[in-house]
C-alpha cells in the first residue's frame, strides 16, 4: 500500500479520538455557556439603561474586534499575572464561551428585535410583565430566527477549537500536529483533519435543518 | 544583527511564582516540564505517548531527584511565557544557550551539543559554507537559534513553523537552504530517507542546549545539574543519546 | 341599548406627542355600560394612539382615563409605564393585526393570560376557553396553530383572547382592515353579536356602514382633537361639521 | 520609563506599518475578489440547473467546513505538487478570496432571496430579461440587506489575515511575532496587535453604519 | 362603451396546476377593444393566476391567450417561459402591492421600461412620463422615492408605470385591496377615468360597487372555472347562479 495512504488510515483513529474527546466536548460546553453569556449581553444591549447597554456594547465590540488567539492567550498566560492560574481546559472553555458570548449576543439581539413589536404589546395587554413576555412569548419566537446564524457560529467554533492547541489542550488539530512532527507529512495530516472538521460541519448543518424545520411554526406569518 | 533585547530584565523573574522552586518541587514531589511535543526527535509523540531525547533525559533527571516528572505541552511561541507564568518549572525542549536568553533565564549544564548545518538540495553547488548564504533565501523557524544564525550570515530569512515546512519549501525550490540542527536532519533522514537534500555545510561552533529555568530557580538548577552529573557518571545519558542518535551527543 | 347615567369609562384631556408630533391634543369622551362607541377619523388622526392610552399601552402626556369603581389614571410626563398597567384589568384589546402568538396553539393563546397572569384555576379557564371558541365557531381549531388559520379565524381567536380577560370594556382597533374582503363578514358578525349581548366597547373602524349599524355613539377625530361626536345615526347620517361630512362622504362614496 | 511601556511604544511603528502595508491591502484585495466569486457562486446556487447549483453548494460547504489555515496550506504548500508554485502574497490572496467567496456567497444568496418576488415580476412585466432584472432591480436592493453581514465577514477577514504569516507573508501579526522572538514579551505584543485590529474594526464598523444609512432608501417598505 | 365584434383578447381553455393543486380548470373569456372586464370570485379561486397567464408571468399547462393582430400563445406543459414573454408587449400589469422599485425615483420607476427595454428615445419618454404623472396628480413627486409616498400615491405611480408601456390592455390585480380605506377613492377615480377614456382592461377586484359602476362585463370565477359571466348589472344585480348570488351577497352585505 502507498505509505501516504497507510499514514492516512493510521492517523484516522487518533484524529477521530481527538475530535470525540476534545474538539466536540470543548465546542459543546463552550457553546452552551456562551449562549448564556450571549443572552445576558443581548438583554443588556437592548436595555434602556445607558450604562448597562454601553457595557454590553463595549464587551461585544472587543470580543469581535480582537483575534480569538489573543483572547485565549490573555486568559491562559495573562491571568496568572493577576494571580489567577487557570488550567488549560478551563481556560479554553472560558475563552471560547466569552468569544461566543460576544458573537451570539448580536445574533440574539437581532432575533429579539425581529419579533414584531405587536407580540410584546399582546403580552402586555394580557397583563404580562416585560420579563414574562420576554421568556414566554418573545424568546421562543426569536429562537427560530436565531438558529441559522447561531449554528453558523457553532460551526466556526468547532473549527476554532483548534486554537486550544496553543494553550496545551490536546484536541484534534494538535493530534495532527503531533503526527506531523514525527512523519513530516503536515499537508496530508492537515487535510485529513480538515476533512474531519468538514464531516462534523455537515452533520451540524443537517441538525440545523431539522431543528429549523421543527421551529417553523414559531414564525408569525 | 543580534540586537539587544528591548527589555532585558523586566519580566525575567517569575510573575506568579517567587521563592524557591526546588522546595516547591520537593514538597509536591512533582517537577513540571514545559515541552513542545512536536519537535522530533527531541520531544514528540509515538502513538499517544510523549517521547524523545529531551523527554527521556528530563525523566531520568526526575528519577535521580526522586520526583515525578509531569509534562505540559505547549507550542514554542508560548513556551517562555509559560515558564514566566509559572505554568511549569523548567523547559526541556532543545533550548540552546545564547547570551540573550541568558540575560532572562537560567540554564543548567548542557545535555546536548550539536552543530548547525546548512541543508540544500542535492544538486545545489553554490552554497558550500555559511558565508555563501549571503543573499540567498533560507527558511527558518522564527523562534529558533538558527534564525539569527542565518540572518547573521546575510541570508533573506523566510519564517516558517518548523522543519517539515522548511524542507517542503526547499524541495519546492522556494528557498535555497535551511539552517537547522544537525540532529534534526539526521533523524529526518532516518525516518524519511530523501536523497534530494544534503548537508552543504556544517558550523564550526557547537550549539549547546540545556534545561531552562526562571532566574530565581537557582536551587532547582543546582539540583538538576547534580542529577545530570550523576547521569553522565553512570552512563545513562550516553545510553539515551545512543538510542536516538546512534552516538553520544550529550557532550 | 340605553347607556346608564354614571359612565363606565371617562376619558378626559388626553394629550400625547411623539417628539415634535403632537398627536393627541385633548381628547374627551365617555362610554357607559353597554354602550358601543365607534371612533372614526382619517389615517394619522390619532385613533390608535387614543385607544392604546385606554389600555395603558401608551403613556399619555396629560389627561386621565378613569373606570367606574376605579382605577383612575392621571397621566403626567415622565410617568412610569407601570402606573398605567392597572388599566389592563378593566379593558382588553383586539389588535388590527391580531398578534396571536405563533408558537402557541389556539387554546394556549386564549388561556395563557388567565392562567399565568390572572392565576385563575386552569381547568376552569380551559373549559371557558373551549366554550368561547365554540361560540365563534372555532371549537375544532383549539389545538391548531395560528398560522394554519385563515385571517378571519385568527381575528376571531383574537376576540376570544380578549373575552377571556373578563374585561368590562372591549377595545377594537380596526379589527377587519387586515382581512380579505370576504372574511370581513364573519368577524363583524361576531362583534355585532357581542354588542347585542350588551358588551361595552370602543371600536376604531373604517367600516362606516357597520358603525352605523352597531354603534350607539360615533366620535369623529381629526388632527388629534374630537371634531364631532354624537349618536351614530346623526354623525354618520347628517354630520354637522364639514370635515366630518367630507370624511364620511369619501368613505361611503369613494369614486 | 517602564521598559514594557517603552517596548509598547517602540513596537507601535512596526506593527502599524505591518497593518498598512500588508494586513489592510491583503484584506481589501481579497474582499474585492472574494465578492466577485461570491456573487458568481450565489447566482450559481440559485440557478435552476441542478448541476450548476450543486457545484456551488459543494464549494460553499467545503469552504465553510474546513479551517482557513488548511485552505492556505493547500494552496501554498499543496499546489506545487501539481506543478503550480504560487508566491506567498498571491497564495494568500487566492486563499482569502476563495474563503470569502464561500462565506459571502451565502450572504448574497440570502440577500437576493430577501428581495420580494414581486420585484422580479415587476421587472419581467416591463419586458426585462432575468439578467437585466437581477442587475438593475434586485442586486441594488439586495445590497442593503447584505451590507451588515458582509461587513462582519470583512471584519473577520481582517483578523484572519494573521494566518498569512504561516505562508511567509509578513503582515502585522508576523511583525508582532518577530518582536516577540527577541523580547519574549509575546503577551504584550499580541495584545498590542489585538488593539490595532480592534481599531481597524471600529473604523470599519463606523464605515458600515454610514454605508447602511446611505442605502436606507433601497429597502422596500 | 360598445365592444366591437372581433375581440382584442381571447382567452380559451386555460388550465393550470401547482403540484397537485388544480387551480385553473379551463377558463374562457374575451375582451373587446374598449371593454372593461371585472374578474371576481372568492379568495383562492384562481383570479390572480388567470391574470398572470395573460401577461406571461405564469405559464399555463394548456389553453391559449391571443391578442388581435397577434401574438397568440398556446400553452403546453414544459413550455419555455420565454415563449410567453411576447404577451408583455400587448398588456401591462398593475400589481396589488404596487411593486415599485424602492431604489429608483418615481420618474425612473415609470421610465425604466420604455427607455431600457423598449429603447424609446429618452427625452420623449421622460416628457410622456411627466405628463402622465401630472395626469394622476403626482407631478410634484417625480423625483421622490416610492417609500416617501402614501399607499394611494404609490398605486397611482404603479398605474402610470403600466400606461408608459403603451399597452393595448391594462391588467389590474386588486389595485386597492392593500390600501387604507380613505386612499381607495383616489385610485379608483383614476381607474374610472381611464375606463371612460376608452382603455381596455381586465380588473380583478373585490370592490363590487366599483365593478358595477365601471365594468362592462363581470366574470365570476370559483374553484378554477368561470361560474357565471355577463353584463355587470346582471351578474352583480341579479346573479343567476346560487354561488354567484351567495358571493355577491357576502361582499355587499357582510354583517
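In order of appearance the chains are A, B, C, D and E, and numbering begins at 1 in each one.
Keep in mind that, in the parts below, a residue touches a chain if its C-beta (ideal position, glycine included) is under 8 Å from a C-beta of that chain, and two chains touch if they have at least 3 such contacts.
Computed from a predicted model, the values in this text were never measured in an experiment.
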Checklist outcome for this item: Chains adjacent to subunit A and to subunit C under the stated definition are none
Next on the checklist: Can you work out the whole-Å distance between the CA centroids of subunit B and subunit C?
Outcome noted: 81
Checklist entry - Counting in whole Å, what is the centre-to-centre distance of subunit D and subunit E, each centre being its mean C-alpha position? => result 46
Next on the checklist: I'd like to verify one number: the distance from the centre of subunit B to the centre of subunit E, where each centre is the average of its C-alpha atoms, in whole angstrom.
Outcome noted: 83
Next on the checklist: Centroid from C-alpha atoms only, then distance subunit A to subunit D, rounded to Å. What do you get?
Outcome noted: 20
Checklist outcome for this item: Multi-chain contacts in subunit D, i.e. residues touching at least two other chains, fall at 77, 186-187
Next on the checklist: By the touch rule stated above, which residues of subunit B touch at least two different other chains?
Outcome noted: 77-78, 81, 165, 168
Checklist entry - Which pairs of chains touch each other? => result A-B, A-C, A-D, B-D, C-E, D-E
Item to check | Residues of subunit E defined as touching subunit C within the complex | outcome: 42-43, 177, 180-185, 188-189, 192, 206, 210, 213, 247, 250-251, 254-255
Next on the checklist: For the complex, give me every residue of subunit D touching subunit A.
Outcome noted: 61-62, 64-67, 69-70, 73-74, 77-78, 152, 155, 159, 162, 173, 186-187, 190-191, 193-195, 197-198, 200-202, 205
Item to check | Contacting residues of subunit E [partner subunit D, same complex] | outcome: 55-57, 85, 88-89, 92-93, 95, 97, 99-103, 112-113, 116-118, 145-147, 161, 165
Checklist outcome for this item: The answer for subunit D against subunit E in the complex is residues 116, 118-119, 121-122, 124-128, 132, 136-137, 140-141, 217-221
Checklist entry - So in the complex, which bits of subunit A are touching subunit B? => result 14, 73, 77, 80-81, 83, 85, 165-168, 170, 174, 177-187
